[in-house]
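Two complexes are shown next, each including chain A; its partner changes from chain B in the first to chain C in the second.
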Partner chain A sequence: MAKPKVAFYWNASCGGCEEAVIDLNEDILKVVEAVDIVFWPVALDFKKKDVEAMGDGEIAVSFINGAIRTEEQEEMVKLLRKKSGLIVAFGSCSHLGGIPGLANFWDRETIFTRVYKTVPSTANPNGIVPQQKTNVPEGELTLPEFYDTVKTLDQTIDVDYYLPGCAPPPDLIMNAVTAILEGKLPEKGAVLAPEKSLCDTCPRGEKKPEKLSIKEIKRPYEIIPDPEKCFLEEGIICLGPVTRSGCGERCINANMPCRGCFGPTKEVIDQGAKGLSAIASILGVEDEEKMTEEDTKKLIDQIVDPAGLFYMYSLPSSLLKRKRMA
Partner chain B sequence: MNEPTIVSFLCNWCSYEGADKAGGARLNYPANIRIVRVMCSGRVDPELVIQALKEGASGVLILGCHPGDCHYKKGNYKALRRAYLLKKTLKQLGIEEERVRLDWVAAGEGERFAEIANEMAETMKNLGPLELS
Partner chain C sequence: MAERIGVYVCKCGPNIGDKVDVGTIVNKVRGIKDVAVAKSHNLLCSGDGLKFLKEEIKNEKLSRVVIAACTPKQYEVKFMRACEEAGLNPYLMQMTNIREQCAWVTPDKSAATEKAKSFVIAAINRVSLQESIEKKEIDIQPDVLVVGGGVAGLEACLSLAQKNRKVYLVEKSPCIGGLTARFEEVYPTMECAPCMIAPELQEVLQKENIETFTYSEIEEVVGSFGNFTVKVKKKARYVSEEACIGCDACFEPCPVEVSNEYDEGLSTRKAIYLPFAGSLPNVPVIDEDNCKRFKGEECSICKENCSFDAINFDDEDRIIEKDVGAIILATGSTLFDPKELPQYGYGKYDNVVTAMQLERLNASNGPTGGKIQLKNGKEPKSMAFVYCVGRKEKGYCSGICCMYSLTLAHLVKEKLPGVKMHNFYTDLCLPKKEHQKMYKEAVEKGIEFIRSGENVTVTDEGEKIIVGTNGKKISVDMVVLAPAVEPNVDTEKIAEVLDIPRDDQGFFAEEHTLMKPFATALEGVFVVGSCQGPKDIGDAVAQGGAAAGRILSKLIPGEKLELEAKVSEINEDLCSGCNICIVLCPYSAISRDTEKKISVVDETLCRGCGTCVSACPTGAARAKHFTKEQIFAEIKGVVR
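Then we have the complex of A and B:
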């Protein structure tokens, strides 16, 4: 029997998701034994035309990482959708928008102006910015369109499953691959990770005090956190309460607070709104009746960039999706 | 003319009573204030506020009991912190802070309710509709 065909593709991403595949270590041998990798630009020399030559649905599953930022990315994922039985959004950027999604605080014009004109290290006396069409003596050159707004994969094509994380951990990748090979998949649209919140599985959870109250907000660089204590107890904002578990607590174990890369749990619509709600509720809660409105505001003002913090990984998938440009 | 819609979350114990008082006293307040009764201002999740804006409201009004008067003792303190942090966040996302207003209206304060409602409607009129893509 022919082995099922698998494709990997990347869009607006950092390459960490490709590394995550390599991080399967010896397990990757089991994967290649069971499947044929027919497309993987970072590692194998197949071209777009090879994918175009395949029949519709011929690829059993495509794992697609990265957010959608350009016309080219949109075209490629639409092609892969047509040729694939299953599409798995692989990693935070394709699932939620991820770090590239923070570009939604700007638009094409403001990004181009900054990157090509005003960055101190840029010398561009003629103010040249990328054009979609450029005429040169040899003919017309074209570039794909750079969109104003970064989108998630499921805002561009129909997605069957999500593998969350920046990057997805090897155990979840293996579980997903095994489930696909054995045909034991959950209902369409499922996030292939546990349903609990990170606090539920956090190794520091047991020592967490009954009542959390933050008197002063600390940023991670300001103190060396106690490796045993709940970050919130120390005044460091951690998004564990509003983030899905399954990451293996990699950041927590490296003594860094959660920033939400796994996205919200199933019930939550907007991870950032939930995050700010959870954090606001415990700020100064111990003395809340005694604090004046001014005291309260002063405490909250210690959060210098709330939108960037609470929507760090999820801005394109949030209710507002992006900044409203004036 | 299309008046801007203002979704208003009123706590059951103080502010909703206050709005009722305003109605009973036949005080004028704009019809575009759409009231949603909630048990406590502390129940108003920022998600609800953003969803209201997303679905076409020009502004969101959250009214609760005066500090110290919360039926659940401390719900309005949470509302205060959530609203302030939400407004800061929305501002970064290009949404004017005035579009979300948290205030306190006691059960007997019908006039205060009408005043806040009128002010909010005026502010929204000046800001214009919130056109979200």
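Then we have the complex of A and C:
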């Protein structure tokens, strides 16, 4: 029997998800043994036309990382959708929009102006910005459209499963591959990670006070956090409570708070709003009755860039989706 | 089985009927999925209307009902009952308000109709997702704990102590009666306070189903309304309450003499003492902090002088555990310490006293047997009363200081008719039906009232004390300060033991100032008397009785307690134990299950406010009847 065909593809991403596949180490050999990798631009020399030549549904599963930012990405994922039995959104960017999704606080024009004109290191005296069509003596050159809004993979094509994380950890990748190979998949649309949030597995959970209250907000660079204490207890905003577990507490063990890359649990529609609501609820809650409006404002103002903080990985997938430009 | 939703649009006579095109709405919603019936009615809340509704539910075999009518605050209970009577779980009915929120807010009939239509669609969307909720009942303990033996606590004890119900009265001091027992005559009746409360004190001490623990404090409270378990620490008294007959033989020989706090430091007492003459129960107490024996010295003079073998130096603190259904806090208040404001000269000049000190000087059970005198034993010939001491600092008017000062002025004037009296006030607070009269009478008696504001200074000039205000100086023999009323020192500790909130001023916070002035955020815990805010005797008694009444109507021996049905629940499979909800719950209904490492809701305490639900970062906390799905479905109906 022929081995199942597998494809990997990348969109607006940093390349870390590709690294995550390599991070399987020896396990990658097991994967290669079990499947035929038919498309993987970062590692193997297959072309778009090779994919186009395949029959519909011929690829058993495509692992697609990165958010959808350009016309080309949209075209490629639509092609892969057609040719694949299963689509797995791989990593935070394709799952939730991820870091590239923070660009939804701007649009194409403001981004191009910044990147090609006003960045101090840019020398562009003629103010040239990318154009979809450019005429040169040899003829017309084209570039794919750069969209105003970054989208998640499932806002572009139908997605079967999600592998969360920035990047997804090797054990979850292997679990997913094994489940696919063995046909032991959960209900369509599932996130292939545990249901509970990070506090469930957080090594700092045991010593956490029963009554959490934040008196003063600290940013990670301002203090050296006690590696035994809950970050919230120390006034450092940690999105662990609002973020799905399964990451192996990589940040926590490096003495850094959770930033939410695994996305929300299944009951939560908007991770940022939930995070904001949870954190706001415990700000100064112990001395609430003594706090004046001004004290409250002062405390809240200690949160620098709240939109970027609470929606760091999930802006495109949120109820807000993007900033409305004037 | 397919759902059968019945939609009933009430015309409320002309109230909705004339302003909203009810027919259009009925026709429009008929086609919606699962809507089996849509009808209008002229007045659904009427007897005919309710009968019609019940028949419809039965005849049409409805599984869910939408009622578009007035605000649910008006008749939701009525409609819920009708559903129940027709065999439909009342939580499968949804009301939507098309009267106050549609018919009455615009004269534009088409706009009102459009809005009402979207409301009805929202309610249909929502009702489809509603779930049956069964009400729960729990067994209760009808006994009650009352903390504090002042007038408010006494009233509560006596109202509650009935057949099949015990009352436990816990009093911190060695005697009951609170502040009132230490006053001479009280306004507005100018009655002898100890005489007035003596029968009540005796009744409390002798009534079979009241058990009094004096010299005791509450240490721990667990549980919830209907079923609290309380640990009371009964401090060692070293004198047997059973053997002692109150003969006083032990006082005289005691070699220790210390300042008597029950006389505001105006007299001394022994290390074995009664707080004041006639204090009840008539059993002395040995003060460990001052008794020689407890300082390691050999002394047993009191024991040697006791003919009844009532003194037991080996007595120990005891922890007594009691199960009660409700708790009434009546822990009282104290007066602001004028030493904090040096301009009044309190603590600096001998003859600057507080109103409470003057009370004790005037009291027949006080240090001078009721003789009002200066430090040197002479009668004062002139006095000044300074009102509002600490009002600015505390940030509130205590509301009783004007009256207690006026009372004292009258009492002094009666004893010493020749005394010249000057009252320095800011604003006179004389709000009740008898109070204005007392002021008028004071003026008639020649008592002077000077509107000084808070700008008052007290200095001395030889034997005399000079009260200065706005350039004016008056020389007197004695100055009486009327300090603000403030919470007792142990209010904070008790609030912590019970986990109930205090207000900005430090008093126990009532649940609602106007509508639930004696309830707290913790169901089954009541606050009465001046521990909830400054109060006079009458108001304190009224609150004590009111809280008792509330308990009597809810904790009926042999009956069960019905719990709130729309409570929150925490999904074990989703809760990650982040603890965020625990500190937020205003009713202390959430705690950590240390074994499962998750939060759990005590349904007997939860009132379904939804605070935990909105803060829960994983969506594990869910409010019954207000689920995310129900609310979103409703929103979609409105904004579609």
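Going forward, the second predicted complex is superposed on the first by the 326 of 326 C-alpha atoms of A that agree within 3 Å, B and C clash if a C-alpha of one lies under 4 Å from a C-alpha of the other, contacts with A are read in each partner's own complex, and residues count from 1 in each chain.
Going forward, contacts are C-beta pairs under 8 Å (C-beta built on N, C-alpha and C of every residue); 3 or more make two chains touch, one makes a residue touch a chain.
The model shown is predicted, which means the values in this text are computed figures rather than measured ones.
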| item | value |
| --- | --- |
| Touching partner for A:265 - first (chain B), second (chain C), both, neither | second |
| First (chain B), second (chain C), both or neither touched by A:289 | both |
| Which superposed partner A:122 touches (first chain B, second chain C, both, neither) | neither |
| Chain B versus chain C as contact partner of A:306, first or second or both or neither | first |
| Partner chain in contact with A:277 - chain B first, chain C second, else both or neither | both |
| Which superposed partner A:200 touches (first chain B, second chain C, both, neither) | second |
| Partner chain(s) touched by A:131 [first = chain B, second = chain C, both, neither] | neither |
| Partner chain in contact with A:208 - chain B first, chain C second, else both or neither | second |
| Touched partner set for A:255, first chain B, second chain C, both or neither | neither |
| Overlapping contact positions on chain A, where the chain C interface meets the chain B interface | 268-269, 274, 277, 281, 285, 289 |
| In the complex, chain A residues that touch chain B | 105, 149, 268-270, 272-274, 276-277, 279-281, 283-285, 288-289, 293, 296-297, 300-301, 303, 305-308, 310, 319-326 |
| Contact set on chain B toward chain A in their complex | 45-47, 49-51, 53-54, 67-68, 74, 77-78, 80-82, 84-86, 88-89, 92-95, 130-133 |
| In the complex, chain C residues that touch chain A | 501-504, 571, 573-580, 582-584, 591-592, 597, 611, 614-620, 628, 632 |
| Contacting residues of chain A [partner chain C, same complex] | 195-200, 205, 208-213, 240-242, 245, 264-269, 274-275, 277-278, 281-282, 285-286, 289-290 |
